[in-house]
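Two complexes follow with chain A in common, the first pairing it with chain B and the second with chain C.
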Partner chain A sequence: MTLVAPAVTAPPRTGRKPRRDNRFAAWLFLLPALGYLVVFFGYPLAANIAMSTQDYTVKSFYTGEAPFVGLANYAAVFGNPLFSAAVLNTVLFTAGSLLFQFGIGLALAVFFSGRFLGSALLRSLLLLPWLLPLVVSGAVWRWMFDQDHGVLNAALRLVGLDAVPWLSSTSWALPAVVLTNIWIGIPFNLVILHGGLRAIPASLYEAAALDGAGSWQRFRHITWPLLRPVTGIVLMLGLVYTIKVFDVIMVVTGGGPANATQTLTTWSYRLSFGDFAFGQGAAVGNVLILVATVFGLLYLRSAKATLAEAAA
Partner chain B sequence: MPVARRALVLAASAALLAACSPSPAPTTSNNAQPAGSITELDYYADEQGSAAWQKILDTCAGQTGVKIERQKVPTNQMLPKVLQGASSKTLPDLLFTDNPTLQQVAATGALTPLADYGITTDGYYESIVKAGTYQDKVYGVAPGVNGLALIYNKDLLTAAGIQPPKTWDELKAAAAKLTKDGKYGLAFSAIPSEEGTWQFLPFFWSNGAELSQLDSASSVKALQFVTDLVNSGSASKSVVTWNQNDVADQFVAGNAAMMVNGSWNLARLDEQQSLHYGVVPIPVPQAGAKPVVALGGEVGAVPVTSGPTQQAAGKVLSCILSEPTMLEWSKAHAYIPSKTATAAKFGAGQPAMQAFVDEVGTARSRTAELGEKYPKVSQALADALQAALTGKLPADQALKAAQQASGS
Partner chain C sequence: MKARTVFGVLIVAVLLFPLYWMVNASLQPSGALLRPDPAFFPVGGTLDGYRKAWATQGPNLLSSVVVALGTVAVSLVIAAPASYALAQLKVRGGPVLVFVLLIVQMIPGIVMANALYTVFGNLGLIDSYLGLVLADSTATIPFAVLLLRAFMISVPKELTEASRVDGAGYWRTFVSIIVPVSRNALVTAGLFSFLFAWADFLFAVTLTTGQSFELITVGIYRFVGNQSADWNGIMATAVLAAIPAAVLLVVAQRYVVAGLTSGAVKD
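The block that comes next holds the complex of A and B.
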């Protein structure tokens, strides 16, 4: 055996240190995206942060004059008894929606990963909630929730249960909007998880079946661990979308009754366009942006880790 | 979760934020050339109201020779749209907005006094003039106003042997007696917004309460009265989720024997051949008292644009406020003409409207007392209403909290 000296070739110079005009070209290509980011994300964000430190009134829109008040808006918002209620509602709404959207979405994804007659048709029908405008689904649910004539209570009465004051009771309204949001969110979870399931090699299941693994064991030891990266993405995206849900709540309950479904988003809107306290509305909006950003960064980190894992 | 739709909401809020950039005060050009066309903004978005309004605009375009480019937005988009326009200097030349928001818009300095166009307020109901007045100058006048009354199902009341109620005691008794067979005696709206406050104000004001003190004894009594109607089962607990259209739906469907609603809904009731309804003023605390409802309706205003377009907009507004157009609009949309003499003429020919006409005489402007502070107080009052109706707080504590929230 002849020892061949390892051919250590130096990487081409140009690849390591891009020449000046190359770098210039790279920036040139980045420019449109950068410009877009600055105009459509950077500017509103900066404006919103600036607004939260100003006494911004209806007048300010016209004259542009809004005195700087430092953190007074934040102090007012944090000192408002509605703040803790809105935070709690936001947490309950987000956690409740995510848990069931994901759980039901996963169950359906597993169900539809088996091949059977009509599977594709049923799956596409399940996308319906996703295709409907939110205002439409919200209005339909509001109608179904009606205490006296709604179809939900009619069904409950049919099986001998008492009617539920879905939207008129402070304890039922939040579960009702969560239920609506779960229904709306299932297709997203179903689609992404279904895609993730298809990426798992069938040979693993065949091998497991040969080893005598039951369906639960196959799910527990193959599906669940291999689906983990997709699970992370679905939950993280779901969280960021759910935390800022506005329209569903606005259409179904308007934040009521008695603020029982007031979340940070609806409260921010109310402060701005109900009380015309635009600075306070902006402050609540910023709190929300901060929370969403934290989770967004966590998502990026986990996505990076997943990529590294896949590369390894 | 629909990604794209959430993104839309985000984009909408971004647009809103972008509209907040500070900009210099406008300069009024003194160019006196007459303008050939103006833009107009209103929120008559429902089919019937929109068609009726379009006819009025067409009439006035013909009479003044000014071309009118109309924009309409849903009610809740009106103020955001106006604020955007104010900050980007793209306000319409003529604006029709809900009268309680006029103070907010006038406070920005974006409106011109109507005296500039020779529009006077002679002969108008004092309350509507007050609603359009900001710091002693009139910035908005309405061609028609509206209010709330008690609308009842004649057949159901006759079958139960009940006369339309005039006092609170009679209303309570009638509502209780009419509540049976899955029907409620009374329906009204108590949603957590201006609409809820607007529906509660007739009870609040008729009992002598004032917006400057939400937790007075007369205020507590008014809220307790409404709360009792719900707690006794005479009105559905769902009133906290019904807007005025939902209330009208319930009435049309025969689920409620009486309802508190506005004149603009009468056309809808007329469409139902089998429905026989009557209208009486809102019942009062004691016999002989005058009902005090809140004044509704949209006021026309001319924003600061440029000399010629302002003059053209003023000309169009004068036409809309002239007696023939005022009558035409009132008939088409079931409003009450905002001039006392015109209203009297109008009421005589429309028996269903007479109750509304009677009430306008004693109606109050929501913003007359508080001006720009009204929206915050209104929110607080709507909150108190919701807290009491859902049983979260007793009426007195709910109003105490409201007074604190509105005062801070």
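The block that comes next holds the complex of A and C.
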């Protein structure tokens, strides 16, 4: 399960200037959270940046010595042929996941926004894959991908196709983890887009129906344009969270076979906790932070724009 | 009308098939799972998988409960007062703090794991419940603060100001007004914190060595990684680990959807 960043900004408040004791009390209430932020975000992130410039090994934990090496870790990471492979895998994994999660989620949101017997119950059942621990989903899909005994290949054989070596072939493993991640992400897209659909006034559809617009035309000229702000938010949030997916890949393929599903996240993990090259793991991690922050800021901008539009 | 319902049921059946398959496999003998043609129903099933799962993963389930409850407690105790300050008391720098909370949520977990590992190594928090609770809280506290703040903004000022006029201090106002009226939001934040900590794998696998205890997610991961043919045991464990999510969906569906949507679009 992934937690979602609640958006954004309080409505502007007007009023009297705060009294001094008010401000002091406020800080007392904030103190635990501030302390936590400094100790558990500020300090580790600074340590992470420092670590990326040090030759940090298992020995460093005992001796406390980690010589400063400047940008050598970054040079080693960028020079590693695995870097471009991991970047490509990350891009393919993210783009493939988003495209289908969103497409399927939107289709389902439109379908379930019609009122019919059981629509609310069915829609809430679809949330289940999103609430499950990712390790559970990963284990289930790994079993379904099993080459000899998995149900996917049994189905393929049933319709006369050849079994696919899902997890042992370098060309099938990435599609397999993408498929798993699409399944996991559909509910999130469904629920958010469904909320967006409900905010579109029914009168618009009634007017369009009077003008003789078909269902495709209604979707094309009413639903799609009015849903655009929500679309932006869903895709941007999906992007930020898909880039850093870890559990799914670790359980389904472990980054293999032959690094075919190694993304920046799993590679960073392997560098730090497999090869004990903590400096290089930190360097890859900092690259990830940079990417995630850029898209995160874009998300905040689009979320703000949405709220501004809603207020207008 | 009827046709839509039938089609809807069909969609749900297809999308939830993996979950059915998990339950199905958990009830079949290991040998039956390795036959070329899968059995689509667990006819003549066995509870062996669950016996194995309970025997090997029972302690891990308990450890996960401890960490998840600890995370809920720490998250709410730290987040609730902060949200009150951000929502109801004017703080200079409040908007900046909200922005920081949004941004730290974008930091990939692997970066936190990497950094916390070295910090915890120095503090002796590797292999400790406290360490995992504190690590999981890095994800749940920013989330809880933002969720609670969004709710507490809508608590009418008249309510808190009346309490102030009656001579209650800020703390009394917080405890006797804000906390009771925010009950639903607190439940939502708590549920999400529980689910996150319960499902966490990254911190569990990096910040413990498995020497003193192990969490259920790591248990499943090791189980799968053993290349064992014991899929009914693995799937039974997966079913047990999925129970909190299923219970939640049934019991607290309203809160779950509220948390999910308040999260992404609304203020």
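The rule we apply is simple: the second predicted complex is superposed on the first by the 271 of 312 C-alpha atoms of A that agree within 3 Å, B and C clash if a C-alpha of one lies under 4 Å from a C-alpha of the other, contacts with A are read in each partner's own complex, and residues count from 1 in each chain.
Here is the rule we go by: a contact is a pair of C-beta atoms (placed from the backbone, for glycine too) under 8 Å apart; a residue touches a chain by one contact, two chains touch by 3 or more.
If you're wondering where the values come from, they're calculated on a predicted model, not measured in any experiment.
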item	value
Partner chain(s) touched by A:Arg142 [first = chain B, second = chain C, both, neither]	both
Which superposed partner A:Asn286 touches (first chain B, second chain C, both, neither)	second
Touched partner set for A:Thr63, first chain B, second chain C, both or neither	first
Contacts of A:Ser169 with chain B and chain C, given as first, second, both or neither	first
First, second, both or neither for A:Thr253, with chain B first and chain C second	first
Superposition-derived comparison: chain B or chain C, residues of chain A touched	C
First, second, both or neither for A:Val191, with chain B first and chain C second	second
Chain B versus chain C as contact partner of A:Phe40, first or second or both or neither	both
Chain B versus chain C as contact partner of A:Gly274, first or second or both or neither	first
Overlap of chain C and chain B interfaces on chain A (superposed complexes)	40-41, 43-44, 47-48, 51, 56, 61, 133-134, 142, 146, 148-149, 188, 237, 244, 246-247, 254, 273, 278, 282, 285
Residues of chain A touching chain C in the complex	1, 3-11, 13, 18, 22-23, 25-30, 32-34, 36-37, 40-41, 43-45, 47-48, 51, 56, 61, 108, 111-112, 114, 116-119, 122, 124-129, 131-144, 146, 148-149, 151, 154, 183, 186, 188, 191-192, 195-196, 230, 233-234, 237, 240, 243-244, 246-247, 250-251, 254, 265, 268-269, 272-273, 278, 281-282, 285-286, 288-289, 292-293, 295-297, 300, 306-307
Chain A residues touching chain B - in the complex, by the definition given at the top	40-41, 43-44, 47-48, 51, 56-66, 101, 130, 133-134, 142, 146-149, 165, 167-170, 184-185, 188, 237-238, 241-242, 244-247, 253-260, 270, 273-278, 282, 285
Interface residues, chain C side, partner chain A - complex	1-2, 4-5, 7-9, 11-12, 15-16, 18-19, 21-22, 25, 33-38, 77-79, 81-82, 84-87, 89-92, 95, 97-119, 121, 134-135, 137-143, 145-147, 149-150, 153, 169-170, 174, 192, 195-196, 198-199, 201-202, 205-206, 216-217, 220-221, 223-225, 231, 234-235, 238, 241-242, 245-246, 248-249, 253, 256-257, 260-267
Chain B residues touching chain A - in the complex, by the definition given at the top	1-3, 5-6, 9-11, 13-14, 17-25, 76, 79-80, 83-84, 86-87, 104-105, 107-110, 182, 191-193, 236-241, 253, 255, 372, 375-376, 379, 383, 386-387, 389-392
